[in-house]
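Consider the two complexes below, in which chain A is the common component and chain B and chain C are the respective partners.
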Partner chain A sequence: MTEIVKQVFIHIIRAISLLFAVSVISFTLVSASPVDPVQQYIMGIGPVSEEQRIEIEAYWGIDKPPAERYFNWLSALLHGNFGTSLLYRRPVIEIISERFQNSLALMMCAWLLSGIIGFSLGCIMGMNRDKWADKVISKLCYLLSSVPTFWLGLVFLMIFAVILGWFPVGFSTPIGMRSSEVTLWQRLHHLVLPAFTLSLMSFSNIALHTRQKMIDVMNSEYVLFARARGESRWTLFCRHALRNTVLPAITLQFASFAELFGGSVLAENVFSYPGLGSAVSAAGLNSDVPLLLGITLFSTLFVCVGNMIANLLYGVVDPKMREVDR
Partner chain B sequence: MSQTRYRRRFNQRTKALILTIILAVLMLVIYTFGILISEEAVSTDVLNAKQPPSWGHLFGTDNLGRDLLMRTVKGLSVSMTVGIVASCISAVIAILIGIVAAMGSKFMDGIINWIIDLMMGIPHTVFIILISFSLGRGLKGLLVGIAATHWTSLARLIRGEVLQLRSQHYIAVSRRLGKSSEWILIHHLLPHLAPQLIVGLVLMFPHAILHEASISFLGYGLAPEQPAIGIILAESMRYLSSGMWWMAVFPGLLLVLIVLLIDRLGENLRTVIDPYSAQE
Partner chain C sequence: MRKTDFPLLEICDLSVSFKMYDSVLGQRDLRVISNLSIKVDKGEILAIAGSSGSGKSLLASAILGILPENAAVAGDMCYNGQKLTPRLQEKLRGTEMALVPQSIAYLDPLMRAGAQADGHKKPCPTAKRRGIFGRLGLSESTEKLYPFQLSGGMARRVLVSTALITDAGLIIADEPTPGMSLHQALEALTLFREMADEGKAVILITHDIDLAFAFADKIAVFYAGTTVETASALDFRTGPESLRHPYSKALWSALPQNGFEPIAGVQPYAGNLPKGCLFAPRCSCKSAKCEQEAPPMRDLRGGEVRCFYAM
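Coming up: the complex of A and B.
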């Protein structure tokens, strides 16, 4: 057990060092921007007097050196104060927590879908190596990795929402309804297209990986022996292939959080879905510095958690690690 | 009979070489064609606005009457320029970092691995948005952003390759003969890395183009009046519900086609210059 605790500890230290570095980099990048945050802020609230302007400048710390501004920002951050979004006129932390719920629903649906579809397709390909099913599906997987996800989303939106009218054109809830009145069914209905689009982005990766693993397993000597004993293809699949491929696939899925988040930025923009992804692109376009920084840090944390789970799972997958525990 | 003669005359490698040349010429033709398209060909023509595809306008026209085929091809050449420049920059970063990581001390290797982890820890789209914001949107931000996010995988590959090469006997012999590290780098390591680097560069290229399109689509990157696939697709969003399907479908299809062709080009190039994969 101590081994696992040690592993977790190392990963947490690593994650903290990464988060710290990301905060330095993103703060430097934002400070180097030609966009003047004071000017942006004033443009947002309307004309101000000279005294108010000086007050605002003092608030932003324009007169101070960048290093001091950074440490002020960091200490506010550690106290849980992410600042106020210029775009939404609300505390950044509130916006992130509210929008993350939407994004999480979308990303988790897509994540599960791509995992299940990708793994099953990978199994089909691996068990039928070099037969027509394998050839067709692997061609499809290679094709999908060359297709921009957002364009696919546009095409789906056009076919299923505009022409066929099966799904709504955007947003996470029907327009003009209070959020308390929206039923779960309506939310799911709005989630189907974006989640499906997002899942298409990553499933070819997991499918091709599973295919390779499955082929390795099927070429192994223990499978040859099992075959000689007269096991059928189905029992071979259940007893050997499935067990050896499912954990690596799950690990790979956890390691793909960065692509998942990156893809959600595009998918949310196509479907006007009110999540973190559409907020970050809006924040960048409208020079909303506090929100941009907040979401950058939050997305890094999200990816770090995924990578940490993946790394710990590697330990579980590798029996040598378990030997150490005992 | 003719089949076997064909097989005998063209082995795997020759076939790949011919395909590579054909694909490269095709890319060059599309690229120069896109560059040569004059401003008049994509000028606004309100009388012909929102025309569905016809023989006159194969891809139809957009909301301002601009010919979509011309705009798309012109946009593709812009995308290709961005792709080439960004891939080249990231390839240079990758080779420098890869070599430093593998040649230098353990300390440097640790630092560089940490930087690579850092780069992979921020979602690429978010990072490109940040860089683009920092450099004040436009072409420069786009180039730097794509280059900064794409070097990591190639750098890892090169690092692994150098580490493996360093343990080879002939390198050890060379060192015993008193050759300096620089000499070994130039005469032994770089010739070995060149094929990997070239193939990696070409295969990075479609990724860069896809990223360029998606970032332009989000509204960063190029200015709205410039022709770029991402911008055309972003505009098409507004006309989806009015049934202008051609504005979204054709530019995207052409983009996918180009990406597939470049991918194929890279794979063939690998067969040509990497003797191991030619025998697979």
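Coming up: the complex of A and C.
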């Protein structure tokens, strides 16, 4: 138990230092970029005189040196103040938490789908190495991993939303409806296409890794010995192959949080899905600096948590890690 | 025990070859075991001795029917008088024929020793296995350990227990002693001796010739994927004058206590085997005939030998 506490502590320290580094780098990049938050702010409130503009700049601290500006921003962050979004005119933290709920539903569905489909297909391929099932599925995996997500999303939109009309064309809820009136079923109905598209992006990765691991396990000496003891293919799979393959698959699955986040930016834009991914591209395109930096830090945290879960879980499921102190 | 006319396992003219893909020649067959013949009876230990690369471990896989898919098998194998077909092999694996593998790598790294020794058969023979573990000097707590937590000697005993649990009539032990201390090796071989004395047939694949001499009843000498001589262990203990094949004599003389004298040359590997007798290139008494024609196995002084000139 103490080992786990120690591990968590180390991971938290690591996450904090990473967040600090990301905040420095992203702040520097934004400062060096031609993005002018003052101009963006002024565009929102209408025409102002030159004196007023200078006054706004002084109020925001634009005239101060970058290091001082960074520490002002950092201390505000540490007090829980992420600033106000220039685009939405609302506190950044509020937007992130609202958008994140939508994104989380989408990403978790896609994540579970890709994990389950990917692992199952990987097992089928590995157990039937070089048979037709393996050949067909692995070709499909190569094809899907080389196809860009947004293109696939567009194709799905055309087929399932436009031609067949099975699913809505976009958004997370029906248009013109109060959010309190939207049923769970309607939310799920809107979630299907984007989640499916997003899961297709990462499942081939899991499937191909699982296939290779499964082949290694089936060629191992312990499986040869199990065969010598009279175990059938199905028993081999259940007793040895499954548990020896699932360990690396779990790690890979949790480590794919970063890809998942990257993919959600594209998928959410294609399906006009109001999640964190579409917010980050809107913030980027509209020079909404507070929102952009807020989401950057938040996504860093998200990926960090994913990796931490992967590491901790590995320690729990792998006896070599778990019982090393005994 | 019922007395039968058949040896428990009889192998006649077994050949094993692998399909290999060569960039120049395309597909070709690589013959790793050729014209191999052995017999083993109930209650006896047959030691198969030979240097590494002579095809000893593949023989174990061939008997059990667990060769890789690109392997082709020719020749006859009979178990208790029945032809050993793939279907029969599948039936006998783990019930009538048991393998004691070489190393800890043959244990599933993610399965506890107890469950591993119990095997997949229902009902789970836990009580019986505890008895066997006790007999092998493995404490009760061993069953909770994972392979990486076992010492070399413990792992070996867990592997031996997998064969004991089956009541198999034929036990094939593939190099069971390397990496063990002399004491542990003696202990393990005593166990095999006990199994044989209980009426089981044991095939002991080894290159630890000294120990084989001491524990086995018969010894088959392997060279380049075939048997060159089968003799009683007594002949080996007596000395080269009671041995038949020049290679067996050379093997005897190469032992430390017998002068440590190696013979020139190396064992030919599969793929470039000589045309006639496989040992001819290194033999001191070869003739032109030996280089043209492979000698058959023939009976001689209570043993068998694959040589035209052995007396």
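Points worth noting:
The working rule: the second predicted complex is superposed on the first by the 314 of 326 C-alpha atoms of A that agree within 3 Å, B and C clash if a C-alpha of one lies under 4 Å from a C-alpha of the other, contacts with A are read in each partner's own complex, and residues count from 1 in each chain.
Note that in this section a contact is a pair of C-beta atoms (placed from the backbone, for glycine too) under 8 Å apart; a residue touches a chain by one contact, two chains touch by 3 or more.
Everything numeric here is computed off the predicted structure, so don't read it as measured data.
On the superposed chain A, the positions of chain B and chain C stay apart, so the two partners fit side by side. Once chain A of one complex is fitted onto chain A of the other, the partner contacts of A:158 are limited to chain B, with no touch recorded for chain C. Legend: residue contacts after superposition of the two complexes on their common chain; A:103 is shown touching neither chain B nor chain C. Touch criterion met: A:304 reaches chain B, while chain C stays clear of it. Touch criterion met: A:270 reaches chain B, while chain C stays clear of it.
Of the two partners chain B and chain C, more residues of chain A are touched by B.
Once chain A of one complex is fitted onto chain A of the other, the partner contacts of A:35 are limited to chain B, with no touch recorded for chain C.
Superposition on the common chain places the nearest Cα atoms of chain B and chain C 6 Å from each other.
The intersection of chain A residues touching chain B with those touching chain C, taken from the two complexes, is empty. Put simply, chain B touches chain A in their complex at residues 114, 117-118, 120-127, 129-136, 206, 210, 213-214, 217-220, 233, 236-237, 240-241, 243, 245, 248-249, 252, 255-256, 259-260, 263. Taken together, the chain A residues at the contact with chain C in this complex read 220-222, 224-231, 235, 239-240, 243-244, 247, 318-320, 323, 326.
Those residues of chain C that touch chain A in the shared complex are 61, 64, 66, 90, 93-95, 98-99, 101, 103, 105-111, 119-121, 146, 148-149, 162, 166.
Only residues 14, 17-18, 21-22, 25-26, 29-30, 32-35, 142-143, 146-151, 154-155, 157-158, 162-163, 169, 258-259, 261-263, 265-266, 269-270, 277, 280-281, 284-285, 287, 292, 295-296, 299-300, 303-304, 307 of chain A touch chain B when the two sit together in their complex.
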